[in-house]
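In this document, chain identifiers A, B, C and D correspond to the written order of the chains, with residue numbering beginning at 1 in each.
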């Protein structure tokens, strides 16, 4: 599973992108966040308040209950500020 | 008093502009319309339905009851279609 | 102090890029620039449109409404250019540009100005069709309704 | 059939005049062209803005919303250009252009697109101030409210 980070989420995690292989019990975005938060102090800081983080699965915005599976591209980022 | 005509009002009257000296009892736009309508067949045609004609006095839109006096510039035209 | 609008009533064309650049030149407080460009359509075999105006009153009326927009919204600048004379399909007729620190002020004031121009600007359009037929464009009730939205 | 939008996500600048001309080129059914140009402001000592995006998703999301605008309003054309990378005060950030036979469709769809871009386009802004301080711009509740106007 490819995980991407943007903006301050990227800065806190310390990498823009990583390949991860979460265990089978990680089935949705919320579960992936909880699992990623345990990977490093940077990850923990990035996901300290999950309500501040938005996600996309395969380049579509996805709520916490959205399923994730091996092969997906999952991205985490702050609320967007375009325009 | 200078009177200007625009668009189909001008075409019906037959002139774009004329100097007129209405009698003293012509005190407002409605009175001027009634008086002008008697000046020629073209004028009569232009003012046949006064509800189709709009007026400006001294370059400001003016309702039928707006006063007119010697020296004024009075214009008559159809509802505007700008933009 | 409200911005001083740029108002032009002219026979010739205008340059939307140059007009947009003019509203930004030398300043860094413009966050949004809204514009509306009205163009002569070629519907129903229209070959040309003659736009008559009331020299003097037209400039005065456009300046007044542009000043009202500058007073009503926090605009950093505002440009209204309206052509007169003979235009053919594809020709630009009118350009409204509004600049502000914030997008809502720019977008709203631009819509306000174009709604106003449709109903209150002293212009009259005569359409000419293939074969020589001509007719004066009549004012539309829907345009009056659009302009009335802005009354307060 | 709805018009096919032109969507660009790019580091370089764009030309509003050329983009406006492109939407009219060779056609006489365009009566109105609305546009919104978003510009980097220099408030509070801002010296630069870094616009991060999500390559792939950003283009996809912009294309989808532009297609929605083309389906929802009778547009003859629609252009959305959004820059990324480092911008300084005065630099254009985003351009939305919508063309239609009628002004209301052009004005409404332009406002719709810019409201959407503010709240749903995958971009993140980092502001840099004199002296080296930097901060990520936070999403605004008022922008969400503006975008929600268009929900149906």
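The rule is short, and it goes like this: a contact is a pair of C-beta atoms (placed from the backbone, for glycine too) under 8 Å apart; a residue touches a chain by one contact, two chains touch by 3 or more.
Which protein is which chain? UniProt says A, B = Molybdopterin synthase sulfur carrier subunit; C, D = Molybdopterin synthase catalytic subunit.
Keep in mind it's a predicted model, so treat the numbers as computed, not measured.
Student: Could you find the chain whose CA centre sits the greatest distance from that of subunit D?
Tutor: B
Student: Compute the distance, rounded to whole Å, between the mean C-alpha positions of subunit A and subunit C.
Tutor: Averaging C-alpha atoms per chain gives centres 48 Å apart.
Student: List the centre-to-centre spacing of subunit A and subunit B in whole Å, with centres computed as mean CA coordinates.
Tutor: Taking the average C-alpha coordinate of subunit A and of subunit B, the gap between them is 73 Å.
Student: Could you grab the centroid distance between subunit A and subunit D? Build each centroid from C-alpha atoms only and quote it in angstrom.
Tutor: Roughly 27 Å, centre to centre.
Student: Touching at least two other chains at once: which residues of subunit B meet that condition?
Tutor: 83
Student: In subunit C, what residues contact two or more other chains?
Tutor: If we look for residues of subunit C contacting two or more partner chains, we find 38, 103, 114, 118.
Student: If we use the touch criterion from the header, which chain pairs count as touching?
Tutor: Chains touch in the following pairs: A-D, B-C, C-D.
Student: Touching subunit A in the complex: which residues of subunit D?
Tutor: 38, 52, 54, 56-57, 60-61, 82, 93-94, 114, 117-126, 136-139, 143
Student: Can you check the complex and tell me which residues of subunit B touch subunit C?
Tutor: It is residues 4, 6-8, 56, 59-61, 75, 77-83 of subunit B that touch subunit C.
Student: So in the complex, which bits of subunit C are touching subunit D?
Tutor: Checking each residue of subunit C against subunit D gives 15-18, 20, 24, 27-43, 89-90, 101, 103-104, 106-107, 110-111, 114, 118, 146.
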